[in-house]
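My structure is below; once you've seen it, I'll send some questions.
Each chain carries a letter (A, B, C and D) given by its place in the written order, and its residues are counted from 1.
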Amino acid sequence: MSLSTLSSQLSTAATASSAAAAAASPDSFLERAPLELRDWAVNLLPTPVQWLAHHLITIVCILAVFGLFFAFTTIAERKLLARLQNRLGPNRSGLPKLSILPWHFKHTLFGLSQPFADAIKAITKEDIVPAAADKLLHFLAPVIVVAFSLMTFAVLPFGRNIIPVELDAALLYFFAAGAATELAIFMAGWSSRNKYSLLAAMRALAQLISYELPLILSVVPIVLVTSTLSTKAIVLAQSGWTFGFLPHWFVFTPWGFAGFIIFLIAALAESNRSPFDLPEAESELVAGHLTEYSGFKYALFFMAEYFGLTALSGLGVTLFLGGWQAPLPFLEFIPSYLWFMGKLICMIVFFIWVRGTLLRLRIDQLTRLAWQFLVPLALLNIANAAFWVLTTQWSLPLQFVRWGVSAAIVVIPFIMMGRALSASYAPRSYRYAP
Amino acid sequence: MTLSAQSLWLIPALPLLAAAIGAISARKNRSIAAGSAILAMSISFVLSCLALNGALLAPANHAFFNFDWFDLGATTVRLGFLLDPLTAFMCVMVTFVGTLIFIFSLGYMKEDANFKQFFCFLSFFAAAMLGLLIANSLLLLFICWELVGLASYLLIGFWFHKPSAAAAAKKAFITTRIGDLGLLLGILWLYDSSGSLLFYDGGHGVLELATLTSLSGQTLACGLAASTAIGLLIFCGAVGKSGQFPLHVWLPDAMEGPTPVSALIHAATMVAAGVFLVARVYPLMSADALLAAVPVHALTVVAFIGAITALMGALIACAQNDIKRVLAFSTVSQLGYMMLALGVGSWTAAIFHLLTHAFFKALLFLGAGSVIHAAHHEQDIRSLGGLRTKMKVTFANFAIGMMALSGVPFLFSGFWSKEAILHAAHGWNVSSLPLYAGLAAVVLTAFYMTRLIAETFFGKARSEHAEHAHENSAVMTLPLVILAVCAMALSFLAWPSPWLQHQLDPELQIETSGHGLMILSIILVGAGLSLGWWIYGRKLRQTVQQRDPLNHAAPAVMAALANRLGFDELYAGTVGRVNTLTAAFANALDRWVIGGLVNFLAHLGVFSGGVNRQIDEDNLNGGFDRVSASIRGSGQRYSKAQTGEAHGYLRVIAIAFIVLALALVMGGVR
Amino acid sequence: MIPALFLIALLMLGSAAAAMLLRNLIHSALLLIVSWAGVAAFYLWAGAEFVAFAQILVYVGAISMVVLFAVLLTRQNQIIDTVIEPASRARAATAFTVAACVAAVFSAAILSTKFHPAAPEAPTASVKEIGLTLMNEHGGALLIVGLILTVALLGATILAATDRDEDQSQPSDAALPPKETP
Amino acid sequence: MSPLHLCLLISTGLFCIGLAGALARSNTILVLLGIELMLNAANINFIAFWRFGPSPVAGNGMIFVLFAIAVAAAEAAVGLALIIAVYRHQKNIRLQDSTTLKG
């Protein structure tokens, strides 16, 4: 055995041990608790079905956690919007009056049980299907949309060790699964046999296709810098702190910041949220492609939308905000999945805040924003990231130059194109008006 | 601050650039062409002043900068720039007068559709002239000389839709070409015998002593020195360009161009080129007089040609009725003066007169242009009249120009330069005839200018146009005022001492032959003025049709003069006739001899073709036709397979695929 | 392993066959999407993860949308004939014959071939390796594919964009009174 | 029968379904989709040979498929655009009606 092979073997052994140590050392009991619980439950079952149980537990966990998360997101949205609009929001629903109890528990729980009441109402409502509708597709559309929006959760790393499916091509999987929701929207619009539904579905598709481009392009810089498609590796690439307190999250680099902004806008549009909620603008259209849906099917669509929003927020947290990493070293004692949930909640609250603040765009403004502003900026940002990768080896004084150039690539085109865009918005003119 | 000889090229380059800008700019983009032209000329003027400043620091020095143009076998063709007082003074004059004429053109050509082109051509003209001035090589000078000819052709024929203008342009071009042929021969001869065309080249130039000695030392079979012959050939070019006696016919016709062009040609650029050429090669022209004992000197010929031209031009000018033609013949006459001065050995006096003449002739032409513009292109002095009150500024300036031209004493520059020439002629010891011709021309000049002023500005308006004339805008009158001031101020170049001539030639000794000649010429000027006023001013013309008083006295003479002494007819009768006869002979030769041969061959060809065709049609084509018909038929049948139905094609492909796969499988190919 | 392959094949071939047989265009298109998804499932089965997701992203996400849009845009004036023409019957018959012949020839060729012993283990190719291979060895081809895509999409946009003249001429034609036939 | 045989037979099936569809259907869109199916069948072959074949180079089959998918996407876009243009011209998309492009 030659010396070189020996040394290489030694070095690989050293790295393996250090990696093991790094993985093991921060694992407190709380960090390991969910996994321990799952393994304990799985081990109760006979060996042949253990793999099935393993996966089933994961699925059930996602369904339960995010189902509840969806429920409380709706109530949080309603309450927050109400506060923004100087109202109180739902505050009446509490526990049901149960006659078997000797006293009535009067507390309304601040209306926190509203989503459950809504759910019961949705399930018990009559399910109306138009006579001319394509019944099968009409039924399949909400199923598909919920199924595919749930599938996207599979690749999000919720904690240091908690990731449902560890895929090499996780990002590709995420966007592939997300693409299927468009199909569901089309099916919903077409199968209703309603001209308004069909037109609205086409509009929604146009919007989704337009914004899918900047969404994916805004993610490419991250892939460029980390040279991986795996979400787990991307989160790990953001670990560490400069000077002991500045986290290495990608949002704190010029290209990452620009990418994050583009990602946020595109994510808003992809999940049909205000100010991009044209597909089902309640006050203007008849709920778009959902016109002919009622009862539980409608609720499914509603749920799928929130799932999509949550999944995209989770992806944003994973890609730009350091995933489950703590922002400061001394805060690492808090379990990683709590950090993830905290960041996720922040994103959701931000989205709600945006919804309560901004005005809805016109369709032409919407598409122009995508094609004339976001896509070029995202493309430039890819070049920016390439520059960042090429200049990794620069020494300290040159690092300032690197930051300056990178920031200039972000800021100058943004200002120039922003001016051009806002100049093109005014004055408003009606082309088909006499 | 001075301009070195090396960077002298900037002076012509700027107008050339302006011409290029004018050429490529849009047709309706008038301000760019005019603005760049005027700006370029002004900057060139400043640069010329810098060059003059440098030249006057060492007047005797000929600063030059030579460079290789291209290699031709073993020899190298070299060009160069030359900076001496002569070049510098000429550059300043050309750029200054040129700038004023450009500005004047702004107003004069305002309504013209081809405004942009006009300025492009003007800049080109000026650039060619400036290039000619700074040349230190007879070759470069000749190139620019021809470019001047081209530019003058373009400008004289600027209103080419007028047949007369087109003819005049052609005439000017061809006439000057005749002279240029002589110049070219002279250049070739000079190059052959001296091996160089550079004027100054550190002792090897053609104007330097070594070459001059060897050239004048060679005696030809006819008894002339080589330098005399070469000088006379070069002088041919000057005769053509400067409108001297036998080749002066183009100059009056050049009046067909726009008036600023006339001013430019007659004052600053074209005709001055000839005088400048002779002044430039003066050492060569005078070499035979100094160094060789030959019967005829080149300068003698120059002096007599000049004297004849001066007298003839003045005489013809007396009988012309077109305001610009009078001025044109006066130019011919004044150019004769300059040539006379060159011939009698005082090239400094010639250049002095060239400079002063440039200013007052430009003034006169621009004044005439002002009159013409105001009178809606009425040029006949019989139809004008009475403009004195209507156009006060123009009249005052025109009068100053007229007095400068006539040589009214002391205040006007023309007087001093003419005095210098007359003094030089007086001092010439070969013949007195040039002096007498000059003195006669003095009287005539004063006479016809008085006639011009009296007919144009005094009396009453004799036509509709003259009636409604009014003063032009400042853009046209301002150049007049500046030129008028200069026409007077240039007197200080010669008074109280002949400063200019000393600067041009520091070794010059001006003999003071007393004031007798000056008093004589003042008397003659007075006589001319009073004669003119006696004949034309006393009884002013009343109608257009009224006959000229001199026509009463000597109708035959006046008719001959009005007909320009019949030079045009003479040329038409001799050169033209010979040309026509030759052409007729060539035509007959072509038609009968060559044409007959060709026709015979053609008939032969037709006959053989007929035979060929018979054979071809019957024997060859029949077979081919049958073959191609069968091919066409099968092609038509085959094209039915192309149904346009995609399914069918796909099916055929699939079936063919099956067959192929079967063949491969059966054939055992793996 | 093999049962999963049979399931996938059933999904893929069944939906493709149904798509080609159904008369409802939208159903056909949606079934084809299922078939494409089945192909992606096959890729997953074979261990080609990356290609599987690419297949879903491109076919299910993009091409399906274009197809559905095309179907909707060309739906007007379509003669929905309940009666099947004899010509189309004949065409279908020849189509089936030809396809059956091709299938027979192929199957014969495949079944009569002895392949080399199969690779004992599935080859693995991580995304990073694929990326490196694409960018290094096949960099030129990648550039050309990018060019082809750009040109094709631009061309498609130009082809599908309505001509303004044509657009305007249509209503004017329609506005004309019907021509009287002599 | 090895898995490779099975995979090849499946791809043959898909190819023949595509071929039959392309030959039988009169709707141009479906003809185009039949051709897409044939392309997919070819892709299945690539993956099958990559998975079970003797090729020593890792990833080559996948790269073939990736390029094929890209080109298929371009083909579909252009084809459908052509169909829309044809529709605008002749008001239907029956393939047997578009027969004007012949000699």
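The rule is simple: contacts are C-beta pairs under 8 Å (C-beta built on N, C-alpha and C of every residue); 3 or more make two chains touch, one makes a residue touch a chain.
What you see is a predicted model; the values in this text were computed from it and never measured.
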Using the touch rule from the top, work out which pair, B-D or C-D, shares more C-beta pairs.
C-D
Just the number, please: Cα centre separation of chain A and chain B in whole Å.
85
Please tell me the distance, in whole Å, between the geometric centres of chain B and chain D computed from their C-alpha atoms.
79
Roughly how far is chain A from chain D, centre to centre by C-alpha average, rounded to an integer in Å?
35
Quick one: chain C and chain D, Cα centre-to-centre, how many Å?
6
Mind pulling the chain A residues that touch 2 or more other chains?
none
Note: chain C residues in touch with at least two other chains are 50, 54, 62, 69, 91, 94-95, 98-99, 102, 106
Touching at least two other chains at once: which residues of chain D meet that condition?
19, 22-23, 96
Quick check of your reading of the touch definition: is the inter-chain graph here a line, ring, star, complete or other?
other
Quick check: in the complex, which residue numbers of chain C touch chain D?
1-2, 5, 9, 12-13, 16-17, 19-20, 25, 28-29, 32, 35-36, 39, 42-43, 46-48, 50-51, 54-55, 58-59, 62-63, 66-67, 69-71, 73-74, 77-79, 87-88, 91-92, 94-96, 98-100, 102-103, 106-107, 110-111, 115-116, 118-119, 122-125, 129-130, 133-134, 138, 141, 145, 148-149, 152-153, 155-157, 159-160, 162, 166
Residue set of chain B touching chain C in the complex reads 647, 651, 654-655, 657-658, 661-662, 665, 670
Residue set of chain B touching chain D in the complex reads 639, 642-647, 650-651, 654
Touching chain B in the complex, chain C uses residues 91, 94-95, 98-99, 101-102, 105-106, 108-109, 112-113
If we count contacts the way the header does, which residues on chain D are in touch with chain C in the complex?
1-10, 12-27, 29-30, 33-34, 36-37, 40, 43-44, 47-48, 50-55, 58-63, 65-67, 69-78, 80-85, 87-88, 91-93, 96
